[in-house]
Amino acid sequence: MSSKGSGVLAYSGGLDTSCILVWLKEQGYDVIAYLANIGQKEDFEEARKKALKLGAKKVFIEDVSKEFVEEFIWPAIQSSALYEDRYLLGTSLARPCIARKQVEIAQREGAKYVSHGATGKQHGIPIPVTPKNPWSMDENLMHISYEAGILENPKNQAPPGLYTKTQDPTKAPNSPDILEIEFKKGVPVKVTNVKDGTTHRTSLELFTYLNEVAGKHGVGRIDIVENRFIGMKSRGIYETPAGTVLYHAHLDIEAFTMDREVRKIKQGLGLKFAELVYTGFWHSPECEFVRHCIAKSQERVEGRVQVSVFKGQVYILSRESPLSLYNEELVSMNVQGDYEPIDATGFININSLRLKEYHRLQSKVTAK
Amino acid sequence: MSSKGSGVLAYSGGLDTSCILVWLKEQGYDVIAYLANIGQKEDFEEARKKALKLGAKKVFIEDVSKEFVEEFIWPAIQSSALYEDRYLLGTSLARPCIARKQVEIAQREGAKYVSHGATGKQHGIPIPVTPKNPWSMDENLMHISYEAGILENPKNQAPPGLYTKTQDPTKAPNSPDILEIEFKKGVPVKVTNVKDGTTHRTSLELFTYLNEVAGKHGVGRIDIVENRFIGMKSRGIYETPAGTVLYHAHLDIEAFTMDREVRKIKQGLGLKFAELVYTGFWHSPECEFVRHCIAKSQERVEGRVQVSVFKGQVYILSRESPLSLYNEELVSMNVQGDYEPIDATGFININSLRLKEYHRLQSKVTAK
Amino acid sequence: MSSKGSGVLAYSGGLDTSCILVWLKEQGYDVIAYLANIGQKEDFEEARKKALKLGAKKVFIEDVSKEFVEEFIWPAIQSSALYEDRYLLGTSLARPCIARKQVEIAQREGAKYVSHGATGKQHGIPIPVTPKNPWSMDENLMHISYEAGILENPKNQAPPGLYTKTQDPTKAPNSPDILEIEFKKGVPVKVTNVKDGTTHRTSLELFTYLNEVAGKHGVGRIDIVENRFIGMKSRGIYETPAGTVLYHAHLDIEAFTMDREVRKIKQGLGLKFAELVYTGFWHSPECEFVRHCIAKSQERVEGRVQVSVFKGQVYILSRESPLSLYNEELVSMNVQGDYEPIDATGFININSLRLKEYHRLQSKVTAK
Amino acid sequence: MSSKGSGVLAYSGGLDTSCILVWLKEQGYDVIAYLANIGQKEDFEEARKKALKLGAKKVFIEDVSKEFVEEFIWPAIQSSALYEDRYLLGTSLARPCIARKQVEIAQREGAKYVSHGATGKQHGIPIPVTPKNPWSMDENLMHISYEAGILENPKNQAPPGLYTKTQDPTKAPNSPDILEIEFKKGVPVKVTNVKDGTTHRTSLELFTYLNEVAGKHGVGRIDIVENRFIGMKSRGIYETPAGTVLYHAHLDIEAFTMDREVRKIKQGLGLKFAELVYTGFWHSPECEFVRHCIAKSQERVEGRVQVSVFKGQVYILSRESPLSLYNEELVSMNVQGDYEPIDATGFININSLRLKEYHRLQSKVTAK
């Protein structure tokens, strides 16, 4: 049978994508298996062998960890991106990173199709019934998610043995680690462990180190019900150690250095960004636009934040910056600032003008 | 000297308002001293005696704790109100509660003026120089704030002995407390300690109990730099034990029961509410309007959330509700839901139509 | 052949829905034809005969004009609803009104299915090829739309003979009509022609009258390219005579009576409302919520606006209200208002505090 | 008496600033009079003589018209800036342009102070009583405003003789002018009168030409009540001929070329921009940020729009663009597009999943 052409399959080594691989071959396609190394724990060589054995024409194992951190996680940190006030978007950020490389491979290899795990469900590809896992997981450098199975009942508590990326807070060390995180343009550029002086400067290295230290202290666990793009509610449990520390540290240095009104506008853009990432619109004109605007807002977000991590919690301890809008003299209650008490009176009088008119009318109307 | 009329002074018993009391008397006013009991630790009878000794014509000590919880804190919990993503607004919520009662007293007593601590600074009333406190504090049932003094340098860490409302997390109990919080219309109506079965049902009682338990576990400390209404940045440290627990528990039950799109709109209103409260516009038409809309959104926010409090952290463990939009069958990966895979294909195709057009044009333009 | 059950078909009398009627019958359904009279020009009795002749089991002709005005157009007027800054949503508002009655009929008649014109395209029902109209039209009491055919080329100007609901402005009367429109709760309750004293008070009557007068003067034509829900851009030409007059008059009385900050929040809700209506989400929890909030904002939007209509344009001439926040004395440049010039100085000083700090830092940074 | 230093006074030649000039001299300041030529009709040489005669040390007459158009009006056009849905911000845009030059002069001349018309009121400078004008006016290249005096009563219609920048629509020409406006990056770069072929290409020239043609046809009059920054409502009448035409033409080319979702985000930024400009925050970090983002959104807003101006109204006739996202084939009802009817079904099914769940719950709750 002559080939219908090549397709690049995002292959995980697991049962579902293995079945899809075989099915695609049976349909007459040449299958190029693509495994993205995005920081998950996995035996990539084993997966390569399996793919070849199942009939893959070629196998590409691509390490996208560094670009995942720099081009996907960093913008999310700059945006203070939280989906529905809680979820740090670990899976949602990984997908467009994985897909971008898949498309690159397809273009390079002249493949006309790309295919992924959901292909199985959409085309009704038969997947053999196996003893069902008690839940499903999705891991990458930023987080691990748990959902489905026994977790589907939102009243069921997560079983103690579920977590893999963070220590149980009750078993975490009894003394905190203190980290100093330095930011430039809203992005971490240096992490120092204040106790032992350990320092990390490159993106991937410092993110990995934060995962390790924060994970050791049980930081970054959440258990939520979220709204899926397709409209239903879904329960998910996530561990995001480094992301959680960076979310808090960035928030602090941003508040310290960014103008109040710029921050309000940027906050609205950050909400939009989170929604776009969650719904799969990273590669869209609106998400490009929002990322551009947010990056612009971060030009002066620079300085050092000290945080402690302890028993599952991140505490902000202090901050300093060469670009802060904080003016210690002005803020002081002891020193006369740039404004006089009489100014405050005027400010209050003018601000209350509108309210006085409103109440004047209300009493007139009520009096009738 | 004949009186210039009566004024109601919000009197704290401290040095500043004592000086203002004396000064107002010297200017020829009859001073009615008003102390609001809003949950702070204070010797109210001592303050009463002092006010009378300094020449107050009358002294009113008014317990506003219950209305503070029900009419000010509850709307903030419903709103998920966070100023600049972090501050739970403890002081900002207390002010309009205190002021409302002050105006009531003025109307009842026929007083023409109201006056408060800031009056001293605005009128240049001389306050004797005393050994300066290392920081200033403001306490009420919801929180205590620390600022100024040595805290003004944002690089200085808070000294260990600063905190008064929460236990040091490193010294907190080694096992968590588990609390079940029941909500109706977005407001807590019952709190049960799962371990010992203790139950509290009235607003004031359950809030006080949550303060106690969460405080014991060190929950609710933050150290932030925030933007003041008058435009400068200011460093503040806050302890908000019950408020922190309720913020998280409410977020969870709301996400579980509220429609996704309603929630997005409500989220925008909540941001506005927080800003209005912080800037002192509680008693304004726009804040009334926003509170009305948010209350409307909470009609079906009902159910029970289990949380644990441990070493400074709040964990959501599980939730249930008679009004949840969560559909366990639909969410299941094992059961066929209300939609077919072919629907997902259509959904994706239509959603990507716009993106395809955008990229089609981009490549045309680039190709030129 | 036994029936597969009954279905209610939204029948227009035209070719497409006639073909669908026949096809449904062929498939074994009992067809109940439903014609909504929503103000379009149409021979309803002729359509009834045709439906019966084609095999409809029953025909219902329902006049929904009044509920269209009161329950769909009025909320849109209150919301100042404009899709993409220009389109007054004539078709989008009619759809949920028509559909609601269709569902009512289905429930009353025990029909299990509802079906409409788009059914033909979705099920591949063959429609005989006929000489193509130069464009397609959709009419109701609020507007008429023209699209497709020769209008698809956005560079083609609309042909002069296209318009049917408004006079060509170049042929419109040479002197304006002056209308006084009275609003209560943001909704018109009385329209008076100032010249001849004609008065209309009921919703349907006054809306019809405004269509007539504004139409005579050529008011309400627009030619736009809009973004469809499914993602593509589409060119549409619309005539909305009464809706255009009411949009402007309502805007004026709202600005006159509503608090500035309430209005800003309401403006955001109005944008959301327009988007929801356009995308077909009238009957959704979020649209219900938004309508509730907007209605709340309109409680004091009351008063009279005088407008002139002339050669396609609406001019606001004057307004008055018993509930206006407008204070003629305060606004006067001649009379001293509630604030002193010194207040303005204070207001400016405090507002500029933040800007001074920003520029102080910028010069420090630049100077380095 | 030795000088207290120099101050730059924004001098208009009128009574108020003349009195301020004299008062400043009397207080011991050296006064540098500065007249901005921003397109208003004024005898600048006469004003120069008067200033010198009153004792000004130096007089600068600065033509800022070109920078007014390019650096202030163009960003407003790109933003579709409307304050409170109606006001095109003619005065608000001129102020930061005038002020910027004033500061430049102060820096160049080593003056320590700047001063303007409002200085008189703030310092209680006596202005001789003169027969009061029936209203006050403020003119520049973009618009003229009328307010105060007999206009303060919002029920009074504007007297026929008030308007100076636009023809009375009832006396305007009986046939329209057709203009083709070409945009690049959201800014007009060429205006052609289709009838006579007249073409203008530079910013100042084409804006002046549009003022002339649109003014001749009575385009750009509005009569509104607006909310002032200081909180009160105020009635204003404005004529903005060129600005009105460009507002509509830009809206059209933007809708034609900009992605729907980018446009929604940009729309929010435009609302913010209008508010910032109106409240005097042009020179602020947030306004700089917003302008940057909006300019970014305009990169592909390019093409030609044909409009007619007639009896006070602007009509969009047609548009074309090399960068349009409009796809005539896709939009056609005759040609099969990039999506199948089955896709629409899936799109609808998935979109309605959330609504079905909502109604399922509602009926369950109601049934209880």
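Here the chain labels run A, B, C and D in written order, and each chain numbers its own residues starting at 1.
Just so it is clear, contacts are C-beta pairs under 8 Å (C-beta built on N, C-alpha and C of every residue); 3 or more make two chains touch, one makes a residue touch a chain.
Bear in mind that the values here come from a model prediction, so they are computed numbers and not experimental data.
Counting the residue numbers that touch the partner chain, subunit A and subunit B have more than half of them in common. Mean C-alpha positions place subunit A and subunit D at a centre distance of 41 Å.
Taking the mean of the C-alpha atoms as each chain's centre, subunit A and subunit B sit 28 Å apart.
Counting partner chains per residue, subunit D shows two or more touched chains at residues 230-232, 259-261, 264, 284-285, 324-325, 327, 330, 337, 339, 342, 344-345, 347, 350-351, 353-355, 357-358.
The touch graph of these protein chains is complete, with an edge between every pair of chains. Considering their complex, residues 80, 84-86, 118, 121-124, 132, 136, 148, 152-158, 169-170, 174-176, 221-227, 230-235, 251-252, 255-256, 260, 263-264, 267, 271, 275, 283-285, 306, 310-313, 315-320, 324-328, 330-334, 337, 339, 341-342, 344-345, 347, 355, 358 of subunit D touch subunit C. By the touch criterion stated above, subunit C contacts subunit B in their complex at residues 230-232, 259, 261-262, 264-266, 268-269, 272, 281, 284-286, 289-290, 292-293, 296-297, 350-355, 357.
By the touch criterion stated above, subunit B contacts subunit D in their complex at residues 259-261, 322-325, 327, 330, 337-340, 342-347, 349-351, 353-354, 356-358, 360-361, 365.
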